[in-house]
Structure formats: structure tokens, C-alpha cells
Amino acid sequence: MNTTALIYLLTAAAVFGIGVHGLLQARQVLRQLLAINLMGGAIFLLLITLGGGAVGPPDPVPQAMVLTGIVIAVSATAFALALLLRLQDATGTSELDPNDGA
Amino acid sequence: MVHEALIGLVFLPLLGACLAVLPGRFGTRLAIVVGLASLPFLLLPVTLSVLREGAWFYTLGGWSAPLGIRLYVDPLALLMLWMVALIGGLAAAHAWHDFRPGTAAGERFWPLWLLLTAAMNGLFLSADLFNLYVCLELVTLAAIPLIAMAGSATAVRAAMRYLLLALLASLAYLLGVALLYNSSGTLDLYLLPDALATAPAPVTAFALALIGTGLLLKGAVFPLHVWLPQAHASAPGPVSAVLSALVVKTAIYLLYRVGLWSLPAGLLADGAMLLFAVLGAGALIYGGVLALLQDRLKLVIAYSTVAQLGYLLLALPLASLAAWQALTYQMLSHGLAKAAMFLAAANILHAIGSDRLSDLERLDQRTPLSLFALAVAGVSIMGLPPSGGFLAKWLLLEAAWRGGQWGLLSVLILGSLLAAAYVFRVLAAALRREDPSEAEDAEGISAIGRRQATYAMLLALLALVTGFAAAPILELMATGIPPTWGAA
Amino acid sequence: MTLQETIAAVLLAAGCLFYIAGTIGLLRFPDVYSRLHALTKADNLGLLLVASGLAVQSGSLRIGAVLLIVWLLGLLAATVSCHLIARHALHATPPERRP
Amino acid sequence: MIEIAIDLIIAMGVVGLALQTILGASVFRAILMFIVFGLLMAMAWARLHAPDLALAEAAIGAGITGALLLVTWRRLQAMDGRTPRVGIAARAPWLSIASGIFAAALIVALGWVSLSLPAEPAAAGELAWQRLPEVGVSNPVTGVLLAFRAYDTLMEMGVLLAAWLGARAVASELRPGALPGPAHAEVPLVGALLSLVVPISLLVAVYLLQAGGSAPGGAFQGGAVLAAGGVLLCLSGRLEAAERSSITERIGLVLGLAVFSCIGLVMLFMGEPMLAMPGVWAIYLVETALLLSIALTLVLLFAAAPGLRRAP
């Protein structure tokens, strides 16, 4: 395995784990959304590195998948932020109480 | 002609959504006709072709797999598509009155509804793992605003929780797909088994575990169901109906596709099926007990969904023809019955202003039609003859009996008893008479109330009729048995 | 190493030096205004040096022109954002505490 | 050697910024860290020979997402009247520890699994290179997006449309006056900047679109750059929220999806497979429609409004 690929694969794994941790323990929805976006970024990095980006022009199929993924991520984030504003407006807080509704 | 019909199943609702975004009442009405009313007519030729020639692929853009994306239509996909067309259609008819085209609410509602329909149809047809990810996201992003449109603080909170968990689930799925793509070199579901035969086993196992976890979370399978009850209970009536009858099933459907079509048979598959069965048993009992403890009608129905989804996983280790027929029939009959119950509950909520069980007394006088729909659908949920639910559960029992699975048999019986308990509890509450005076029919007064009650009634009757007219459906399903089970 | 490469290397190194100076200023200076002062002045010059270093290295007039545009746009953005940050900082402090 | 050093610096930066994003003392700080994370990711894409992604990440991942996050944070603050709670409010100490252990285990498993895979193009990717000449563009990413996997791109436009529809549906339920209006004082320099930057963003968008066939670029990157120009116009108060979307805006929102589907359907009824592209001109036509829809949708999402109008 090429060193560049090794570096970025480990980076992707680390960022994914950091995102999972952030998502599980954050209370504010904005922070949870940041964590979800971090996880998405990590998956994209993994896809491109595994696609051979470290040695030459990477596999174009994962590149297209990542481009699609980036647009989906921004769409989901934008809708989540609109819903968050509504949450703040309806409940007076931008957090989700872990104990209600479950 | 049949290719055009297949494409239309996805693209007519999609174009309908575009049309509904444009201003004016006329555009929305046309969009509903083009995007929703057309679906049964498109499905007819497709169904006939599958009956005649069996399952087939359609290659989009002429770029054959593994480079391009294929659509695949087989009996299981057909069943789901018919459910979208019928249940979605009747729920849309119900929604027509609450979200009239031309009103501000209608203008917001219909484009999302049409996109949701297109996304579900796309998902049931797609044969490509990444395309399925895009479809899953479209389903999520179209469904969640519809929940939040109920407007209450509870609904907004439930929508937010659902959204965060659904995004997490999609990411788990996507990570699994990323690993699978690299280890197998293809994204096509049906090329995967061969491609995976040479792939390193730990990678395959890890990737499939990620995909499975994501789908179990999206499918609200116990113990990952926490988001479902509030989300389904607080949404507007027709939205609750499609969420419970169709949207959660998208994840279960994908679980079948990945687990039964793409997974190479072997130790991994056996272990996964056993795990699914355990989770299904947990769902059946936990959901049943919690449904029994709720004091709001819509929450009872929502927890009943958690329980009934358990059946869809419970029989997976049996891997027999009877089990397959039972699973698919449960998919159909639960969809019909649950949609009927949610529509009836919405009518009751609308007519008497509350869905607390303590407020439900004398419903036989106040909302007779909706109560009748609720009761008939309840018969199917409990699994009493002569309903579709009975047939599904009977087939399951028979399969478990033949397979000598006594544990499974007892769980099935316990699940049915719990279902009977919570349905009877609702009916008992609805038939109470604390005040001897006559109450007036709150539902029959308005034409809209009558019509909305009819849609619930129609769905409930369909759930009942599927108990009689089962033979052709079961035969069709038998031809679509997953390849890993066909050998068994 | 040819003359062209040497000039490019010197320019790039000098540019990096300016960037480092600007960053140290950002980290070490006490208030918003002096930080902005360090950042914009040093970084704009740093960007110019790096851009000209790259232009010399490429030896192509077209790339040089593109790099010039990059520098001009960077300059424009830095000017306006610096102005806005300073303005915001000024409005955020009460009049008696303004420098 | 020096390349490895650069990779290491980028990787450490990416991981450090990700940590800062989830641990940042305030939400505002966390958002800033995330934006810088996006910029550094763009550098990682450049190092990984994926310039298309570097452009998209900088413009969409860091730029538009960052702007959306910041403006929402500001709106939340204004609605709330107090700053969001400072510090990471853990739910329970044991949960935090458990999630840390879980995340660490996940990192190890994911790292181990991904290292056992070959880091080279897969079978589908090889095919994409081989059959690229049949499409008529030379940028393979554009080929995959607009030909081989055009269906994904089309569905993705549905996702973007759903996001806007969803945002509109929930935003219209807000109490009247809940969203604070913009508070900009007229700054002379900003006008000068806008008169330069907005035309440039249009120019760059058109350039990226036409370059996308043979070089890095395309509808998504171009759309995001154009959207950035629109965001600036909103921020400076040149454009303000309207209560309803105009017919032009509605057409613009669905243009990408509609043109793409219609070309596909026309081909279907001419006896070709669905979504077969009749030529390179069709790819550019579709891309132009996509670019306009993407830019408009992103600007409207930023403004959190059904429509926009010119400020008086």
C-alpha cells in the first residue's frame, strides 16, 4: 500500500469515528448536524482514496458518487437547518430532550 | 410499451412534482392525475409482462451494468409498486380534502407527496446500491417535512429526531456501499453475489453489517425503533398512513434485497437471518406490550407498526416457500390494514377533537363508519379469519410448524394475543357508554367526513378481501422467491 | 538549478516568510485592529510573492495572467472583509472604550 | 518525501479540525472549525487527484454549507435572545465514555478493513474510462454524472428540490415575524465589491460549466459559485425575502429536473433507451438547466424564503 493512501485511509477512519462520537454525545441539534457532515466527509475521503486517488487519476465512478453525495449532504443540511428554526420557534429550544417521546 | 410504462412509474410522479410546484390550482390537479392516478394503469402492462415472461431488467441509458444503472422488476417489486399505487392513492384521496389544491397548505403538500411517490417507486425498481442511497435520501427528505406539516411541537420534535436518525442510517448504508464497491467492483445488486465470492470476507461482513444497521434503523426495527411512534403518531392522517404502510417498508424491502438476493449463502447469511429473527421476536413482543400501554389511539397504532414489522423479520431463518409467501403477504396485508387504521384514526380525531382512549366513548354513534373501518382493519392486524392478516399469520405458523421451530411458534402466538389485546382495548374504549343519552353522528354530517370515512373503509375492506382472493397473489409471489431460498 | 528556478524558489520562500509573519501577528497581537493589520498587510504581500514565484516557475504568460487575477481578487476580498470586521468590532465596543 | 510531509500535515489538520468541530467551546466556534475543515478537505481532494471534488468541496461543502450554518446560528440567536449554551453538554458521563469507546472501536475496525482493500480503480471504473469516448466528453467525472449514471444525477435534483420544498413547508409554519430581518448598514466598500464579484461569479459559473466537458468543473461547481454571488446579494440586502415565489423562480427551481427528465423521455419515445443522451449538446443543455436550478435553490435555501425580490 502506498503511503499517501495509508495516511488518508486512516484519516477517513478517524474523522468518521470523531463524527460518530460527536453525534452521540452532542445535545444541540446544530452540533449533531456538524457531526453528521463530518461523517459524510469521512466516507467521501474513503471512497476516493480506495478508488486509487493516491496514485493517479482516481476511479471516476466514486468521484461522481462523491459529487452527488456532497449535493445530497448540503440539501439534507439545509432542510435540517430550516426544521431546526421551526423547532426553536415551536419549542423554544434548539435541543432535543433525550427523554421525551421515546 | 411495457418499458415506457415502467419508466412512467418513476417519471410521471417526478414530472407531476415539477408541475405541482408551478403556481395555480389547475397545475396541481393535473399533477395529481398525471403522477398518482396514472400509476395503476402503468402497473397493469408491467404486471402482465412479469406474469407472462417472469422478472426482467431495464438498462437505463443503454449503459449496461456494472457501468450503468439497471431497473429490475420482479414479483416482490410489483407487490410494493401496487401497494404504493393503491394505498398511496387512497391516502392521497383522503388528503385531497385536508390539503386542497390551490390552498396554501395544498401548495406545500402535493409536490412533496409526489416526490415521495416517485422516490418509493424508484427505490422499489432500482438495482443499483448507490442509486438506492439517493432514493432513500429522497424518501426521507420528502417524508419528513410532511410530518412537520402537522404543525404541533410534538410533530416538529418527532420530525427532527427522525431526520437525524435517518441521516445517520443513510451514512451507515453509504459507508457499507463504499466498502462493497471497492471490494467487489460493482454497485449492481444482482451482480454482487458473484463479485463478492472472491472478495475478502471480513470486508464483506463489515460492509454488510453497516448496511444492515442503517436499514434496521430506517426500518425502525426493535431496538432501533425509538423514532417511529411519535413520528408516525403526530403526522397528519394520510401521511401517517403512508409512513407506516409504505415508507418504513422501503428499508425492510432493501433488507430483503441485500440479505436474500446479494448475500452469498453461507455462515454469514445464516447468522444474519438468525439475528433478524431475534430482533423480530423482540419487536413483536415489545411493540405489542407498549401498544397495550398507550393512552392515545394514534400511538397504539404506531406501536402496533413496531410490533407488526417484527413479523417481516421473524420468519427469515425458515427459508421456505411458505415462509416467503407469508412474509410478502404480511407486507401487503399489514400495509392495507395499517393505512386503514391511521385514516380512520385521523377521521375520529377530526370528528371528536381528541384521540385519547378515554375520550373515545360511543364512537359507534359518533363516527360509525370510521369505527367500523378501524375494527375491520383490527381483525386483519390480530390475524383473525377471514382477513389477509389471518392468511399471512397462518402461513407463518404453518411454516414454523413444518420447520419444527417451537420457539418461533410460541412467539407468533404470543404476538397475536398481544395484538388481540390492544385492538380489543381500543374497541372496548370506543364502545363504552357512560352517558345513556344518544350522541349524534359527528362524521356523517359533512360530505367530506363521509368521503374520508369511505377511503378508510375501502382500505379496510381490501385488507379483508385479500383474505379471500389470495391464490393469484400467492402464486405470483411463489415465482419471485429469492434465489437463495429457491434451492431450499 | 536554473536561474528561473532559483528566482521562483526565492520568491516562494519570501512569500511563505510573510505568511508566517502574518500568522504570528494574528496569534500574538492583543486586539482585533492590530491583528487585522498584521494579517492583511503581510498576507497580501505574501500572496503576491507566492503568485509571482509560481508565475516565474511556470514560465507561461497565460498562467502568469491568471495568477495576477487571483492576487487581485484576493486583495479585493481581503480589503472588504478586513473593513467589515473592523467596522463590526468598532460598533460592538461602547464609544468610551474605543481606541 | 516532501509530498508525504504535505499529506501528513493535511491529514493532521483534517483530524484536528474534526476534533475541534465536535469539541469547540461554542457552537459558533464549532461552525468555524467545520468551515476550515471543508477548506482543508478541498486540499486533500487536490492531493488525491480529484480536482472536481476540490472545487465542489470548497464551493459547496465549505462555502454554501458554512454560510447556511452561520446564518442559521445567527437566526437561532436572534429568536432565542440568548446565546446557545456554551460548552459541550454531555448527556450523562457514562454515555460520553461509552460513545467514545464505540467510536474508537469503529475507527480501528474501519481502518483495518479499509487497509485490507486494494486502493485502485474498480471494475466499473475501468469500464468508465474505456467507454468514455462514446459519450463525447473527455472529463470522466462529467461522463459518469451525465451519461453512465445520469439517473443518479436526476434523482439528486429531486433531493435538492425536496430540500427546498421541505424547508418552505416548515418555514411557513413559523410564527409571523419569527425570523429576524437582515440588519445591514450600508457600507460603501461592499457596494464596490458586489459590483465586481457578482458579475465575476456569473463569469466563473459559465466558465466552469463549459470547462466541465474536458477539465475539472461542471454544473454543480458552477451552480455553487453562482449561488455564492446570490448569497452575497442577500447578505448585503440587495435582495430581500418575498412572501411568495414568483413564477420565474418556480420554473427555475424545477428546470433542471424537468429538462433532464424530458430529454430522457423524448429519447425513450424515439426508441432509444431512457436517459440516453442524443449528443454532447444535450449534455450541455441539461447541465445549463441543472446549474440554474442548483444556484437558485441554494440561494433560496440560504434566504429561508419562498422567493426573493429586489430591495427598494
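Here the chain labels run A, B, C and D in written order, and each chain numbers its own residues starting at 1.
Keep this in mind: a contact is a pair of C-beta atoms (placed from the backbone, for glycine too) under 8 Å apart; a residue touches a chain by one contact, two chains touch by 3 or more.
As the structure is a prediction and not an experimental result, all values here were calculated from the model.
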Contact-richer chain pair [B-D vs A-D]: A-D
Between chain A and chain C, centroid-to-centroid distance (C-alpha), Å: 32
Distance between the centres, which are taken as Cα means, of chain D and chain A, whole angstrom: 13
Centroid distance [mean C-alpha coordinates] between chain C and chain B, Å: 58
Contacts with 2+ other chains: residues of chain D: 110, 114, 117, 122, 124, 128, 148-149, 152, 156, 159, 162-163, 166-167, 170, 173
Overlap residues in chain B, where contacts from two or more other chains coincide: 130, 134, 137, 141, 144-145, 148, 156, 159, 175, 179, 181-182, 187
Interface hub residues of chain A, defined as touching at least two other chains: 16, 33, 46, 50-51, 61-62, 65, 68, 72, 75-76, 79, 83-84, 86, 90
Pairs of chains, among all present, that meet the touch criterion: A-B, A-D, B-D, C-D
Contact set on chain B toward chain D in their complex: 3-4, 7, 11, 14-15, 17-18, 21-23, 58-63, 66-69, 104, 108-109, 111-112, 115, 118-119, 122, 128, 130-131, 134-135, 137-138, 141-142, 144-146, 148-149, 151, 156, 159, 175, 179, 181-187, 195, 200, 202-203, 206-207
Complex contact set, residues of chain D against chain A: 3-4, 7-8, 11, 14-15, 18-19, 21-22, 27, 30-31, 34, 37-38, 41, 44-45, 47-50, 52-53, 56-57, 60-61, 64-65, 68-69, 72-73, 75-76, 79-80, 84-85, 88-91, 95-96, 99-100, 102-104, 106-108, 110-111, 114-115, 117, 119-122, 124-125, 128-129, 140-141, 143-145, 148-149, 152-153, 156, 159-160, 162-164, 166-167, 170-171, 173-175, 178-179, 218, 220, 294, 298, 301, 304
For the chain D and chain C complex, residues of the former touching the latter: 187, 189-190, 192-193, 196-197, 200
Of chain C, residues touching chain D in the complex: 73, 76-77, 79-80, 83-84, 87
In the complex with chain B, residue positions of chain A that touch it: 16, 23, 29, 32-33, 36, 39-40, 43, 46-47, 50-51, 61-62, 65, 68-69, 72, 75-76, 79-80, 83-84, 86-87, 90-91, 96, 100-102
